[in-house]
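Input: a single structure, listed below in structure tokens.
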Amino acid sequence: MIDFINYYLIPGVTLGSIYALGAVGISMIFGILRFAHFAHGDLMTVGAYAALTTVWVTGLPALATIPVAIAVTCIVALLMDKWFYKPLRALPTIYTVIASFGVAMLLRSSIQLIWGTDSQVYFTGFQKPMIFFDTLRIASRHIQFIVFTVLIAFALHYFLNKTRTGKSMRAVADDPELASICGLKTETVIRATWIIGAALTAIAGIFVGLDTDVHTNLGWNLLLPMFAAALLGGIGKPMGAMVGGLIIGIAEEICTYPIFGESLIEPSYKSAVAFVLMVIILIFRPQGLFKGRLL
Amino acid sequence: MEMSGLFFYLVSFLTMAGIYAVICIALNIQWGFGGLFNAGIAGFYAIGAYTAAILTSANSTRHVGGFDLPIIVGLIGAGLVAGLLGWVVAKICIRLKADYLAMASIGIAEIVRLAIINESWLTNGSIGISRIPRPLEDIFTGRSAEVVFLIFIWLMVLLTYLIAERLRFSPWGRVMRAIRDNEDSAASIGKDVQYFRTQSFIIGAIFMGIAGALSAHFFKYFSPDATEPLLVTFLVWVMLIAGGSGNNKGALAGALIIWALWSMTELLTQQLPPEWASRSSYLRMLLIGLFLQLVLQKFRTGLFPEKALNRD
Amino acid sequence: MTQDTKILDVQNLIAGYGKTRILEQVNIEAHLNKVAVIVGPNGAGKSTLLKAVFRLNQCFSGDIIYNQQSIINHETDSLVSLGIACVPQTQNIFPSLSVMENLEIGTYAANNPNVAQTLEHVLGLFPDLAAKLNQPAGELSGGQRQMVAIGRALMSKPKLLLLDEPTAGLSPAYLEVIFDLILQIRDTGVSVLMVEQNAKQALRIADTDYVLVNGENAFSGSGKELLANDEVRRSFLGGGAPQ
């Protein structure tokens, strides 16, 4: 049992935290701008590399570079919206999906040009896990990830329900036409959406980099589970996306747990779990667990 | 480059362009006719390539088969398996907004990739399948063999093109356009929108699978590296949009022109100083990414806009 | 009537969707503190007219004057701050937002110095809502949703209120309630321009009335005049003698 917690549940929650942070942006962008943002994973990679350079230059620990990574990622997100998505706003959103596909490519190849394709790490050395009650082993970075994610979840909940911008965002996600009839400025809401989505995905990028290493496909590889998480939570439901991320992360780890001596699936197929869950959602409950919009 | 080098380069260039033309026309059937967003082209391409490879390659102890069957059987098999995969994807999300189809098709491509790498009993894992035959290769050798294969490929392009044109001007094509342009009104005149869309997705998938088979025969060897999702999926999208979606001539022209541009950027980046040359492929990706944005914003209708043709 | 009492003046408007023209040279006026009603058969372009004012479709020519200012090129989201509020026929609430949040959204773009007072006023008009403030608006009944929608519009303290078939899909019991409310709203100093399907009842509360047929003005006059007009009665009110 304790092995299950140490080697499956805790890594699952950690992975889930990362998915959760990435999926918030995907869910909000889908809800408010009405398109599936295929460059979101690569935006995450931007955050991870921005932190990497900051670590190199300042020597700070990676988590301390979060503000820089957020700033860089937000600027990149706002610029790509301005240059590549906004000009297509009046067209059917599928054109923006295609554009985002291209932006994913642009971001990744820019990163490859600037930083090269070798894997990098924020620090070298081995972190000894912390041991609780003699048997419960948790790496201290995993504790940090989980605590950070919980704090962000609370802050996000407060923002969405108590602030004017947050409520305006939810209103636009519900019904963009009515929102503009009510006088809400869609472009302001869109800017806020990019800033929050980019900030959270940048943090997730640093977490991934800390947990394994920083490489140029870091974010793209996580795109599918993040989409699955956003769909599971319900489109336009950021808190739902966080729960969805957690579920997908835990499910991916648990599926490899040897329940009856044999694991449910081969570990090498772990990333298929998210896809299977996504398919199940699409078939049986396309509006997600938390009654998101079905677009 | 000496003459024979140039000749081989040109033949191989045109052969690849032909394979891309098949995929591009296939994508046009899905996107141009039906408005269906397929972001997992690489998956259908790969599954077709592996099906043909297993069916036609010489017997091997390292994986299932090869069954040494005629190439035509391989092509049909590739089309069938890819079409079946297309049917599954379509079944799941054809009723939803295009974005969902995009996500699911990326997922399917990912699963196919994982399966190819992991199921070595079937695919020989990352080593890949070798000894894949080409048509008539025991009759022609050397330079003429390359030309024969080029002709074979372009006959396939012609076949694909004719079928796609036939579809486009058939009643089926008209219904598809009606659905794409106004789903509600098409539904209101009693057309089963999902049924037609599923068909268009499957037909497209079949030809993507066949294109995969063709490239397996061209390379004579197929490994997971050849299904680099970005290159296949992304380039084909750029080709179709630049050429003019909805229009098979546009799809064909787009494939040729973009493949030419893509190959030229390779020649150009080879001239870069060595420290840059290693990164040249990323520079090419960057350029093609920017090119797509330019096309989307300024030349959305493509080289051959659909409209002009629709009036006849 | 004099120029001064005109709050909205739609002049020779040609409008429609995409390239399709639905309204042909339509003229409509709404006057200060009056209820103007647009009736007409289905497909006459009644809703198209309201949407044109809010720039939710295409205007090809003509002009829309609000308070002596042309608003035909104003963005949709800039009209609330000018004092115009609109309640669309369907999808007129934010279903996942609570009733209170729906009402709050109404104040965001408006110049409303005293939100608390307006809220009290709105809840006075719709006492049913007071108990449901924290409930998601999507869970309410059709009539209550309509109240949330009208309440949300009133929260912006509009000078002009546009209502698109406020009684559509409501039970006859609600019909009277809503019409009564509209008169109450008018009496607090809000001009109302309303599209209505229930012509007979609507004409009774109308100060001015327009009949649109096939996207064109067919009749106009006061509600009473039109009720007394034989041709209007025959064509749109199901015949019968004036009541």
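Going by the order they are written in, the chains are A, B and C; count residues from 1 in each one.
Keep this in mind: a contact is a pair of C-beta atoms (placed from the backbone, for glycine too) under 8 Å apart; a residue touches a chain by one contact, two chains touch by 3 or more.
Source: prediction; values computed, not measured.
**Student:** Indicate, using Cα centroids, the chain positioned nearest the centre of all protein chains shown.
**Tutor:** Answer by centroid distance: A.
**Student:** Report the chain whose mean Cα position is at the greatest distance from that of chain C.
**Tutor:** Most remote chain from chain C, centroid-wise, comes out as B.
**Student:** Could you tell me the distance, in whole angstrom, between the mean C-alpha positions of chain A and chain B?
**Tutor:** Chain centroid spacing, chain A to chain B, equals 31 Å.
**Student:** Could you state the distance in Å from the CA-based centre of chain B to that of chain C?
**Tutor:** 54
**Student:** Once you find the CA centre of chain A and the CA centre of chain C, what distance in Å lies between them?
**Tutor:** The separation of the two C-alpha centroids amounts to 43 Å.
**Student:** Quick one: which bits of chain B touch chain A in the complex? Just the residue numbers, please.
**Tutor:** Touch list, chain B to chain A: 35, 37, 39, 92-93, 96-100, 102-104, 106-108, 110-111, 114, 117-118, 230, 234, 237-238, 241, 279, 282-283, 285-286, 288-290, 292-293, 296-297, 300.
**Student:** Name, in rising order, each residue of chain C that touches chain A in their complex.
**Tutor:** Within the complex, chain C touches chain A at residues 54, 56, 75-81, 86, 88, 91-97, 101, 104-106, 108-110, 152, 156.
**Student:** Could you please specify the touching residues of chain A with respect to chain B in the complex?
**Tutor:** It comes out as residues 30, 35-36, 38, 83-84, 87-88, 91, 93-95, 97-99, 101-103, 105-106, 108-110, 112-113, 116-117, 223-224, 227, 231, 266, 268-269, 271-272, 274-275, 278-279, 282-283, 286, 294-295.
**Student:** Spell out the part of chain A that touches chain C in their complex, as residue ranges.
**Tutor:** Contact set of chain A toward chain C: 164, 167-168, 170-171, 173-175, 177-186, 291.
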